[in-house]
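Both of the next two complexes hold chain A, though its partner changes from chain B to chain C.
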Partner chain A sequence: MHAIRQRIRNVLRGNGDRNATRLQRRRALGTLIWSRLPELRLLLLLVGFAWILLIPSPLLGQSTFIDENALHPGQVNTYWNWGDVHQADLYLAQLEQLRDQNATSKQIAAHVSEEFRKLGIPSATQDYVYQTSQESYNGTNAYAVFSSPRGSGAEATLISAPWLSHTEDALNLRGVATVLALAAFLKGYSLWAKDFIFVISSGQLDGMQAFITTYYGEEPSNLIAEPLTLPSGVIWVALNIDYPGHSFSHLGIFFEGINGRLPNQDLHNSVQLISRHTGGVPVVLYDHLDPRDQPWREAELSIIPSWVPASLKKMSFVQEYAYRAKNLVRHVGYQARGKASGVHGLLHRFRIDAITLYAVPATGPHGFHAIGRIMESSLRTINNLLERLHASFFFYLLVNATTFLKIGFFLPAAIILSVAMMFSGLYEWINAAWYKTVVPRSEEKTETTELTWVERPRPVLDALLVIGATHTAGVGLFYFITLPAVVVNHRIISPVLFIISLLLPLAALPLFKQTSPGASPLWQVLKAFNLCLASTVVSVTCVLNFSLACTTAATLSIPLIFSSPSTSLPLKVVKYAFYMLLGFGWMVFATEEVRSAIWHWELMGIWFAPFICIVYTPLVLQAALVSILPL
Partner chain B sequence: MHLPVSLLSLCFLTLASLSAASQAAQDRATTFFTSNAQHSPSGSGHTNNWAVLVCTSRYWFNYRHMANALGMYRTVKRLGIPDSNIILMLSDDAACNTRNKFPGCVFASAGGKAGKDSSSLDLYGDNIEVDYRGYEVTVENFLRVLTGRVPPSLPRSKRLLTNDRSNIFIYMTGHGGNEFLKFQDDEEISAFDIADAFEQMWQKKRYNEILFMIDTCQANTMYSKFYSPNILATGSSELDEKSYSFENDNDLGIAVIDSFTHYVLQFMENINKTSQ
Partner chain C sequence: MLGGRYLKIGLILNLCTTLTLGHILNEDFHETLDLRPLPDGRLLSAFSFTTLLKEAIPRDPETLGSEDETQHYTLFPLALGQVLREYAVTELHMSLNAGKWDYDRWGYPEDPGVGTGAELWAYMGDSSAVSVDARWRGLRNALAGLFCASLGSLDDQRTTSPSLTFRPEGSFPQWTSASNHQLRHATLPSENVCTENLTPFLKLLPCKGLSGIASLLNPHRLFDSDWHGLSVHVRYLRDHGVEVRLNFQAVSDPVRYSVHGKRDWSLSSVFDRTIHSSCRVASSSMIRVARPTEKTAVVSPEPPSKSEDYAIFDLSDTATPLDISMQWQDESKFIYPLASSSSPLTPISVQRTLKGSIQSQGRLSVVITNHLPITIQTSYLETMPWLLQFYLHSLRTYHNGISRDDLVSIVSYTPPVPHLRPTLFQAVLTLPPKGTLHLSMDVMKPFLRYTEHPPDAERGWNLPPAVFVPLISNTTSSSKVASELNVADVDFRRLSRRIYTPVLLVDLATPDFSMPYNVIIMSCTLIALIFGSVFNLLTRKFVVVRVNQDSKPATRSPVPELKN
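Moving on, here comes the complex of A and B:
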């Protein structure tokens, strides 16, 4: 037995000294990677992009499951009945009256607070004023605290409904009515282990932001808010109801938080299970109805372009891929920009797991009865919790309501692109110093000249100064575009700023004179640092905000890897224009996005705007400099 | 043609061996009871009965373990063991849990107070005596109770005052595994610990016979290490087997009883003080 093993080992390892063979193998591997680096880089890029395209495919993904054993979702009888629905209808009638009277936020909050008090639940209102550079938001939130009948009140569950729905120009009247009717219903039971905090927030996001920051004792400089008079416990879970239409056919779940944070997946899993089994309402992500369920609406629901042949469109693989891709694009749209997809997203940074239940408007069949049952059962499940949700995943990609990807299945996409950039950076670094040249031999053998590797010094300090200058310029740029005067007049200032940004590097070109005659060119060292920095940024951001990292990697990997100077002037101009457009084009072509990003930064501290100005744009600017520096 | 014959003979042999095995188990039980019947014609030579009932899990979702222990408590009390001879250890208070829809009640079957099933009995009732409650249910306290190594300040109701003519029923329930039982998410007791405790009891003549019953996952492993005489042990599952709950109550939202204990209790319901 031992002899056989020895024979196999000899074949695999060779007969020599084990350490020597290991060192040789290592050296051979290193040489192989080095000599084939351009091919390896291409391979990594291909694999990275292919993986990104593979993420929505039906080949990946697994079913969602309940990980926290204490939850027991969907195992309780619900007692929400038609009497409670009638109560909700009465509340709705009052709210519609307020809407018809064009009631102010203060009047609405006073009315809602009064209704809570009539139920015997302590309630109060909170005025707030938010100052952003574009406009100021003021409003009044109404909130009520129903203390747990037998519990200590150390923990609380938040139930909220903002006045404005996330759907354009829609009021969340039925959402508010549901919260009021729910409060009346929940009061009748003594089995609640945690307090309930009901919040009817004014506006869309600003009201809840004012409430939650005051609740947790923060004092942002741009907020003036009334202190809260009713104390309660630490909030563990929050549910937000968004019910703009008359009836609904599906329950849509919104879960993204600010800066790309996600709630624990168990909350989504529980609510989705409860909605399906106890509520009888099918669940979708966001408001994306599946075109396969409603074939007569396929044209508006499906994202498959019309030029795709019908034979391909009918394939189940393609249809599933299209549906998942639609969900993922929406998700990346929220997460990459760090936007919260609803009021729930403002709560994640306080370690509150929160989602929004959105009643997708339709002509039927569900209404107050279904949403009440779902809420009751979900609250019973949340009631069972003994500690915060921690068992299930925090990093996941939901591709549809019941399927998700674990981090190991989507993270490598961005990491592989980052590795490609890193390898390129190291390649440039080595190539900057080492070059093959003809070295004349000593006088004896004048005819034999051979190419040998020679090392030359690298202008490291100069390159670092350039990088520092670009990022400092980015900071300055961010500071400038967030000035109130600039934001207000951005329509005039943006094109001017763009022109200045185009011309400034060109004007600074004479500064980049060749440092010393024998040193390697500045552009190569700059490119090496640029790539390594970009790779680090992508890798680090990957685990903070995957969508942002992946989008950055996908946008920047090819342009940065293949940046190079050239001798011909037209080519230089074209390359420079390309990079400047890539890095600064957002100033003129995406003004709405810029305005929105700055608003989000001011109101909620979302990092997207600073990231673009301080990280993304300088990286592209460095590549632009590489393309115009002397060869 | 000879294949079915050999198959048939194989089946026959298996059946024979199975019946032989069950017959062997029955013989073992009979021998156990008759061998101890030296002094009295009724069967065993004991003069008093004791019970130690332990529920080792806390938290609301382990309601069924508390229901298990309370079900056994009620049965044991109904069949004649007085409270002074019962040590009941409950790790958590399910009856007064804030999540309990029926406050002050613990049910071992679905239906609760509102159910049509009238056999749904409230096990908490008016007259129960819990000796070790909450955080007092620890491995140390359990072993001290069994072996009698208790501080002099411990009240009589918390002591196991058995002698060599006592038959003890020891029932344990909770979450367990291969040769261990978890106490309150905090510590574990191993099969060796209990075996050693029983040996100490035998040496100190603290029991005549012990009936050891355990309802956990991989329960039978817990009595695999016993080396003292006169112990009859039974459990809910073998090695690598899980023990499952019996039914859920849809108003409480959790499982109310475990399968093994449920069937034991169902059997015991038909037994009263005069049964043979």
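Moving on, here comes the complex of A and C:
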């Protein structure tokens, strides 16, 4: 036994000086990594993409739980009853009348505001006008502030319902009626510790944006809004009700905020628990009903393609995977674009944890009775808070209503891709300076030659200039496409702009022709910088907005790593066209998306449009340049 | 035999009563309860218990070093009297309130001190024996013990002397040594008021909570009201003596208690108690019910005396048990007045908010609306702890949207000393008729020391209310204004009373103390890393190691060479 151990030790340590062995081992490992770098890079890419595909897998994820002990969700008796449902029905009838009269935003706000005042709750309206390059938005919000008995008015909870439902082209009449009836109901109790602010915002997002920015005194310059006449305190938590249908079967929870911010997970978990146990309403994410619960609607709900064999389709693993993937794709769609998935998303910026409760339209069985009880119990839970929600997670991926992934389980996916890019970049960087060449031995025996590493200068400044120029061009592009005139005539200008962007790098090509003799080619240094920059962008972004980082990494890693110049002209053209389509294709092929991104930037300051123009497109442009630069 | 014994006891009792009465001549106790239905269906009940110690004079602070005269009181609260004598306090005002007084809907309160939380202010004579500040410290600690409130936290970080806003309500005694009186004022907005404060309050009353008006003070109902507060006022009235007034105010909501949403109320519905007996030692014991303008409101039982505005019940000649009630006979359900139709009840309305969403700076915004068609001047006081520091140069004033910096004149400004002293900011604002004045000022939110964070849930810091006192200019007499305006709702006698704004909550940069494990793990890792590397460097012996230069990639271990 001892002999075996001694032999293993000998193999590992050698039998000489241990320090020298260690140094040698370290050097050998470096050499191994270096010589195997192309393979390692491939392996990292493979692992990264595999990890992304693994995220929806049922193997990962854990059950959600309540972390803040003060919350006690669902631990109270609820008193919301059929009398309050009747009250809500009465409000609904009035609102339907307004809808049938085609009432303006001002009339609606005046009506709602008066209803609040009839309840003895001070209320007011707020007119606002937004000037965006596409059109101007105006509307009137109605809001009311119920001062809690004995409360100092320093803290408040916001309850809102926008006039327009967020997900469908419908009016949120029942949501507004719920808020009004809730106001009447809440006033009958003295146990509230925080004020309630009720907001019936006009429009979809614009109304709430006007309200909340005025509330915090941070109005954007393109907004003219009436000042608020009823002050209240610091808002910690907000619940938004979106109830467009006649009845509902499930409660959907929307939680993504602008620029990828998420509310504390405790809020989602509490509402989820309360809804299931107090309201008796099953909870889903978004409006995604589980196809396994509704087999008769499977074709409509499931995302498993039809060509998948039936035996595979029936496997519970596949079904769970498909359901989780559907939720994740929706989440990434909101978060990567920085979009709010509802009115609640506008509040996260102000440190307000907010979610939208969406009543998924159905023929039954739930209605005002269930949503009222859920709201009452949720508000009791929120009322328990002594401090802001802070205990639970802020970084999470919800894969379904009761399962989530901690940051450690999804972050490596983007990080590994980013590492692959960084390794490739460093590989290029070394290769640019060192090359192996055949050097004739200067002394005797001239016939024997030897491969040696030779160092050459790298055109760092040129490469940096190119990178600077591309990003500056990105800023110019962003400035240009947000010009009001351009936005309005987007359809005509985009193709022209696309062609100009296509030709401009070609026109600039002659500038790069002369690199000093003996120096490494420009493309190599440019590629090195491009990859390192992309990798840095991804790894920095992934702790701010994982979806954006992951999407960027997944889109850029392969094209950027494998960008290379070529000698044959047709190959050059094909490569260039590919990169230009990848980098600028959105101008022509996603005009609606461009419009929406610019609108979101102007209205809410969402960073997606500038990110694409100033970060993403220049990175791809640099790869395009790599492919056409001389070898 | 038995009869004789009763006779003896009766005689002794009689004797006692006469003796007691002898003292009562020097002490006077009055109790009143004002009940005022408010326009929004609520009911204000203001209890007031006044004890006058006749011909008494506050203690001269110069005598603090020597033995004090003995204190014999029958009605005057001894516990409070001892505190007053011990610290030679001439005038004292303390209030503990919960809730936000809504001036726009409820008008002026009966007792002006309605700022949320605890407020304490006192006038004390200068003394060479014990300094005012030392006595102030003793006073707030003594009161903290007396009322079970955290008044001890009203330390130097919260103490100011805002003499413009807080004028003495009584007179100052003429001691032999000519001494000045100094004001000390402090507020603690986060103080909660509850039963533990009411119990010691009741103990100061001669009849406790057992009989008379005080028997209505039922904590279960009082602390369920929309607003409640208790206060203690001590003042010296020249030629009268020292007066102690104990007040309790509550705003309850009969509509909330009513099943049908009516605003009818009665003592039993509001306090869940009726008056069974009067307090015998009270010289007067009155319940005054303000009669609303509606003629349909009926007070029952029929009040023994009425004035124009009040129905007055004198407990000494009213049959008990007494359960006063008021009914609006034609109302099946209370209809809330729509705000547009009701005229304002105070001359000015004030809103104060803290704008901004970041933790390093913000903007203090004050909006003052003058409801009267005359120019009003009002004093404006901020006693801000150093948790919020003003950038005074950024003070901007807009009147109806037009920049009008001339409308503010700063009377005094004491900048804060971080960790030590609060800001004192006093200004006089000129409010043009029927207009709105917007004041805004940038503020800085400082960074706290680690130990300055309270060992408590981290909800932010409460900031004290600002105080406004409207000053009707001397050129227009109030009666003239009243006749000109024809506004009966504005009570001009009370025009220049203090108006408190609601408190604010400020978020300062705070480490997440409730995540100790993260912090421990993080800091331990850092320390381990730093220690590891330093230890390594310190204990390691540096030698030159010759590594075989042309070794092949290390699949096998080459023989090392070592050269020193």
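By definition in this document, the second predicted complex is superposed on the first by the 611 of 631 C-alpha atoms of A that agree within 3 Å, B and C clash if a C-alpha of one lies under 4 Å from a C-alpha of the other, contacts with A are read in each partner's own complex, and residues count from 1 in each chain.
Throughout what follows, contacts are C-beta pairs under 8 Å (C-beta built on N, C-alpha and C of every residue); 3 or more make two chains touch, one makes a residue touch a chain.
Everything numeric in this text was worked out from a predicted model, so none of it was measured.
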Which superposed partner A:Asn383 touches (first chain B, second chain C, both, neither): first
Which of chain B and chain C A:Ala193 touches, first, second, both or neither: first
Which partner reaches more residues of chain A (counting touched residues only), chain B or chain C: C
Which of chain B and chain C A:Thr31 touches, first, second, both or neither: second
Partner chain in contact with A:Asn77 - chain B first, chain C second, else both or neither: first
Which of chain B and chain C A:Arg330 touches, first, second, both or neither: neither
Partner chain in contact with A:Gly151 - chain B first, chain C second, else both or neither: both
Contacts of A:Arg276 with chain B and chain C, given as first, second, both or neither: neither
Chain B and chain C footprints on chain A, overlapping residues: 149-151, 190, 386
Residue numbers on chain B that touch chain A, as the complex places them: 59-61, 97-101, 103, 248, 250-254
Touching residues (chain side chain C, partner chain A) in the complex: 40-41, 98-100, 102, 105, 116-117, 189, 223-228, 253, 255-256, 335-336, 338-339, 351-353, 355-357, 363, 365, 367, 457-460, 462, 502-505, 507, 512, 514-515, 543, 545-548, 551, 553-555, 557-562
Residues of chain A that touch chain C when the two form their complex: 11-17, 19-21, 23-25, 27-29, 31-32, 35, 114, 117-120, 122, 147, 149-155, 187-188, 190, 216-218, 227, 229, 231, 233-234, 349-351, 386-388, 390-391
In the complex, chain A residues that touch chain B: 69-70, 72, 75-77, 148-151, 189-193, 380-381, 383-384, 386
